Amino acid sequence: MPTITLKLVTIVTERILEHRLLQLLTDAGAKGYTLTQATGKGSRGVRASEWEGPDTRIESLVSAEVAQAIVDRVADQFFEHYAVIVYVQDAEVVRGTKYI
Amino acid sequence: MENLDVLVANLLSPIILAFVLGAVASLVRSDLRLPDSIYSALSIYLLLAIGLKGGVELNKTPFAEFVGPALLTLALGVITPITSYNVLRRLGRIDRVNAAAIAAHYGSVSAVTFIVAITFGTMTGAVAEGFMPALVAILEVPAIVVALMIAFTRSKRAGSWKDALHEVLTGRSVVRWVGGLLIGRVVGPEGFAPVEPFFVGGFQGALALFLLEMGIVAARRLQDLRGVGAFLVGFGIVVPILHGLLAVWLGGWAGLSLAGSAVLGAMVSSASYIAAPAAVRIALPEANPTFYLTASLGITFPFNVTLGVPLYFTFAEWLVG
Amino acid sequence: MENLDVLVANLLSPIILAFVLGAVASLVRSDLRLPDSIYSALSIYLLLAIGLKGGVELNKTPFAEFVGPALLTLALGVITPITSYNVLRRLGRIDRVNAAAIAAHYGSVSAVTFIVAITFGTMTGAVAEGFMPALVAILEVPAIVVALMIAFTRSKRAGSWKDALHEVLTGRSVVRWVGGLLIGRVVGPEGFAPVEPFFVGGFQGALALFLLEMGIVAARRLQDLRGVGAFLVGFGIVVPILHGLLAVWLGGWAGLSLAGSAVLGAMVSSASYIAAPAAVRIALPEANPTFYLTASLGITFPFNVTLGVPLYFTFAEWLVG
Amino acid sequence: MENLDVLVANLLSPIILAFVLGAVASLVRSDLRLPDSIYSALSIYLLLAIGLKGGVELNKTPFAEFVGPALLTLALGVITPITSYNVLRRLGRIDRVNAAAIAAHYGSVSAVTFIVAITFGTMTGAVAEGFMPALVAILEVPAIVVALMIAFTRSKRAGSWKDALHEVLTGRSVVRWVGGLLIGRVVGPEGFAPVEPFFVGGFQGALALFLLEMGIVAARRLQDLRGVGAFLVGFGIVVPILHGLLAVWLGGWAGLSLAGSAVLGAMVSSASYIAAPAAVRIALPEANPTFYLTASLGITFPFNVTLGVPLYFTFAEWLVG
Amino acid sequence: MPTITLKLVTIVTERILEHRLLQLLTDAGAKGYTLTQATGKGSRGVRASEWEGPDTRIESLVSAEVAQAIVDRVADQFFEHYAVIVYVQDAEVVRGTKYI
Amino acid sequence: MPTITLKLVTIVTERILEHRLLQLLTDAGAKGYTLTQATGKGSRGVRASEWEGPDTRIESLVSAEVAQAIVDRVADQFFEHYAVIVYVQDAEVVRGTKYI
């Protein structure tokens, strides 16, 4: 079965931002996403939601352009004040045109 | 002597001992923890239960009796964030954003502190007015709005004021409490009877379990104490005492019973750690959560449930006696 | 007048108000939600509790009294998926697979609707036969089998009939219910006594919490209403009413009490949303879940717990009176 | 004859039937499972409840009455891991590490087996001493220490002895139990009263739910039976019986009542499956978990809760009668 | 320590398919897998299990051939009717021969 | 926004090892990590914590050297006796210097 290479964008962030980040993904052109609950530690010691529950880990398969747009917007809107991490990887997808 | 008894009675209740057990477990790095989902289920249960009971009682309360305390509570919800803000700015030299963020917490209310106060009263035979839960609903939101207004009117902000308001009004804490009040108000005592065993019988035990977890959380917060500085530690004890004593005094004056005034004192004294942190995180992301969470959860909450609540009851007694 | 009272009594019970609170919270996009694990624990608890009680009661029921209603229930479990299928095909012009999928849901039974009906009866003083839970177990599976047979005999299918049957028979819902019935049957009243406070005392409160979550889920489902079309909305109200009234009428005729007939009406009228969706998803993957879930969860369930249940009780009263 | 009645009473109690239901559900591959978080919440609840009650009772117990049974329990906690180790080494020809690992389990105690024994006693009218839970706390740790010492003194090990000790002493199981005991001891009967409905009323029902899940887990463990060999299966039944009968006999001699001796028998006979596996996994990672978990969870636990407990009670009766 | 490059196959799907997909993995030659709970959104609006609980996210480290076999079979058996996504990435594994 | 390529190290292991592995990560130079709960199946049939709860899945974005150090230490200290899997992937990260 033929595959194409897409970008897998992963974002880990405070649960309180979940709604806003999913909106950002959709606006940037993502067609879907997968969410898992996570906890973690990074450069910020404490965060508001920490004692109340887990962070959110968001994965989305998108085209290279959309990936770039997501990364730029997340960096622009959230990096300064919130606990958030974004990274991008390659992934081979079957019938990948569904996701772009 | 008698006051000491009151204090000891509180400290040796299973509820407070569960809190202490949780804190100790956390300090010895035990893996005793309630699963997150149990924690939130207990919190839904406790808030709904108190809301329901309060709503049922509202049914029986003449409006005239309720209006005075209600207006007083509203006024305190507007005043206490302002006093907090000014103390933080003037005495503590804390920057605007962080001062407003902390003020939102100390103006609003901690439902669990309220519940501990109510339970303490019941245990010692001083039953507060049935409509007290409705006062909690009145106290929760205004302070947050006032504190955010202070922050937003003084400069342009990064966060979203609209999102924050939506978060406060539709947040778990408010919906459960107000929802419970409304349901209780509508169904009345007969409608409440069949669900009473669930919501009343299990209440104190569930509260003990919940405080076990709160002890774990509070002790962990305590480890950030160094990061917040001596001023904030003092603030987290002194300002709640002052707010609390003021509220006890005004409560008696507005017609509340001894127990009612004491519980109002505990409410006003307490600092929010559910509604306020969520709203502040959205509206004022540049404020440092270490400050407001450590103060409200690591200092004021433990102080109030152990020493504060008996203090407000003792002061209320001294006022009437 | 009196019937209106019955309706109002149902709508203003804490259980239904909790459902409404959940729905409203969902519509204002509140983050009030029970954690998944609490939701499934409550569902295990409710099903086991009812199963246990039903099993204990079976102990006391002479076989002769039970056999008529049991056979009637079995017959209705075979007939109602067929009537549903034909209405969907002939009047709704819905394709075979989707018609069979929906028919499986409407032939089977919603345990929670049953529990609401039982509780409503108890509240209004009309206590149904103790063996009713055993009838739910009889009603649950056959309709799913009949509907899948319709789909499978008419054409070759992608899904797995064997897997689906395993799923139905070993699914949570059936195991809990039948397990509870068997345990209750074996231990009898004395054996049940020590666990009674847990399974009976907390029952109505747990049901209220569960319905809070069901309200959230149902309201979310409602947002797909546009996708299902006007016919299915009408179907989700009219066919349950007809099935329900038929069952009330036949129930009286088979020797059930007024309350028993009304509860049978609610059962037969209700649409499954636990056992059937799982089985259908496996056996008929090409059927569109939006159709069957929205109809059963977004339309029929809310209709039945608010208006349907009082209607079946009123009709049962009218029949005997 | 009468003894058979006792056995049947145990097998047909809702608690044991729930265990059987869980096991059967697991064998037919049903997806009936309690969510993890509910499972651990129930376990916290049961341990705290028993700890609390035990602590409250300790209040009323003269020291002189308690000291004999306490010393006996301590002695048995030291002796039983040694007997277990020697049987495993000499008769079973099992290597040192695995023998020590298994011995740690059989020397320590299963809280749930203890609870089933207490409950069985209460059901049949034979109420054990109120301070029994304190004996469980005494029995839990020493055996694990003794068994690990055997392993560590005989050769250098990969695992960490220090980490393992920290794990045992701060592990959930110990903290809950000892925490409950201390709180109960401090608050006394009046302090306990308000939380009693929660911790006592719901106890047996919660235990039934917990055993449902234990049944699922135990049945899954059983599937590894082939991997452990016939010797370990025999060991998992015979050694607990011998330990149990010895403890019943010594218990009577140390002044325990009939029920107290029988419960002590069940405790000493039982094999740990919470504290011991965690400690052994850390201290002796090269030991094979299939051995110790299958034996303690798949063989000894089911044996004790079904047949063992009635056996120890029957033996205790025979001794005094 | 020497590493080899394997394929990491990730599948996100409805929980109801979990058993069948794990069977498929084993049949295709996978030696192990890791499961996490997830939720998500894609091209299908609703799915049967949605309101009842989470989806399953399956990860398996396998050889390139096994990865291909898994992708082909999943596409063949589940793409048409079920909510399912599959993608493949490279991963460096120590003592990787254990997994192939 | 400029990105740099880092290594994403993923470890799946028994929950009982969580503390020790996080310590190992920190010692090896990792600046943060993300945890998710997982279950799984591999070459070992049973593990002590299995019936009691989930495994832990640890992800950490680190430099290539740190990744190598982590992999070596995990292999050295845990491979023999514990259920543990480690693999390494590339990931593009914005403002990635924060993580190294």
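For this structure, a couple of remarks:
Read from first to last, the chains carry the letters A, B, C, D, E and F; within each, the first residue is number 1.
Heads up, the rule we're going with is that a residue touches a chain if its C-beta (ideal position, glycine included) is under 8 Å from a C-beta of that chain, and two chains touch if they have at least 3 such contacts.
Here the structure is a predicted model, which is why all the values come from computation and not from measurement.
The minimum number of touch steps separating chain B from chain F is 2. Counting hops only between chains that touch, chain C reaches chain F in a minimum of 2. Contacts with chain A and chain E are shared by F.
Here A-B and B-D are compared, and the pair linked by more C-beta contacts is B-D.
Taking the mean of C-alpha positions as each chain's centre, the chain lying farthest from the centre of chain F is C. If you average the CA atoms of chain D and of chain F, the two centres end up 35 Å from each other.
With each centre defined as the average position of its C-alpha atoms, the distance from chain D to chain E rounds to 40 Å. For the pair chain B and chain E, the distance between mean C-alpha positions equals 47 Å.
Multi-chain contact residues, meaning those touching two or more other chains, occur in chain C at positions 35-38, 40, 201-202. Residue numbers of chain E whose C-beta contacts span two or more other chains: 36-37, 89-90. Because contacts link the chains in a way that matches no line, ring, star or complete pattern, their graph is best described as other. If you check each pair of chains against the touch rule, the ones that pass are A-B, A-E, A-F, B-C, B-D, C-D, C-E, D-F, E-F. Touching chain E in their complex are the following residues of chain C: 36, 40, 158-159, 163, 167, 217, 220-221, 224, 227, 274, 277-278, 280-282, 285-286, 289-290, 293-294, 297. Taken in their complex, chain F has these residues touching chain E: 10, 12, 36-43, 55, 57, 71-72, 74-75, 79, 85-90. Those residues of chain C lying in contact with chain B across their complex are 12-15, 17-18, 21, 24-25, 28-32, 34-38, 119, 123, 201-206, 208-209. Of all residues in chain B, only 35-38, 40-41, 44-45, 48, 52, 166, 170-172, 175-176, 179, 182-183, 186-187, 191-192, 194-199, 201-202 touch chain C in the complex they form. For chain E in complex with chain F, the residues that touch the partner chain are 1, 3, 6, 8, 31-37, 61, 89-95, 98.
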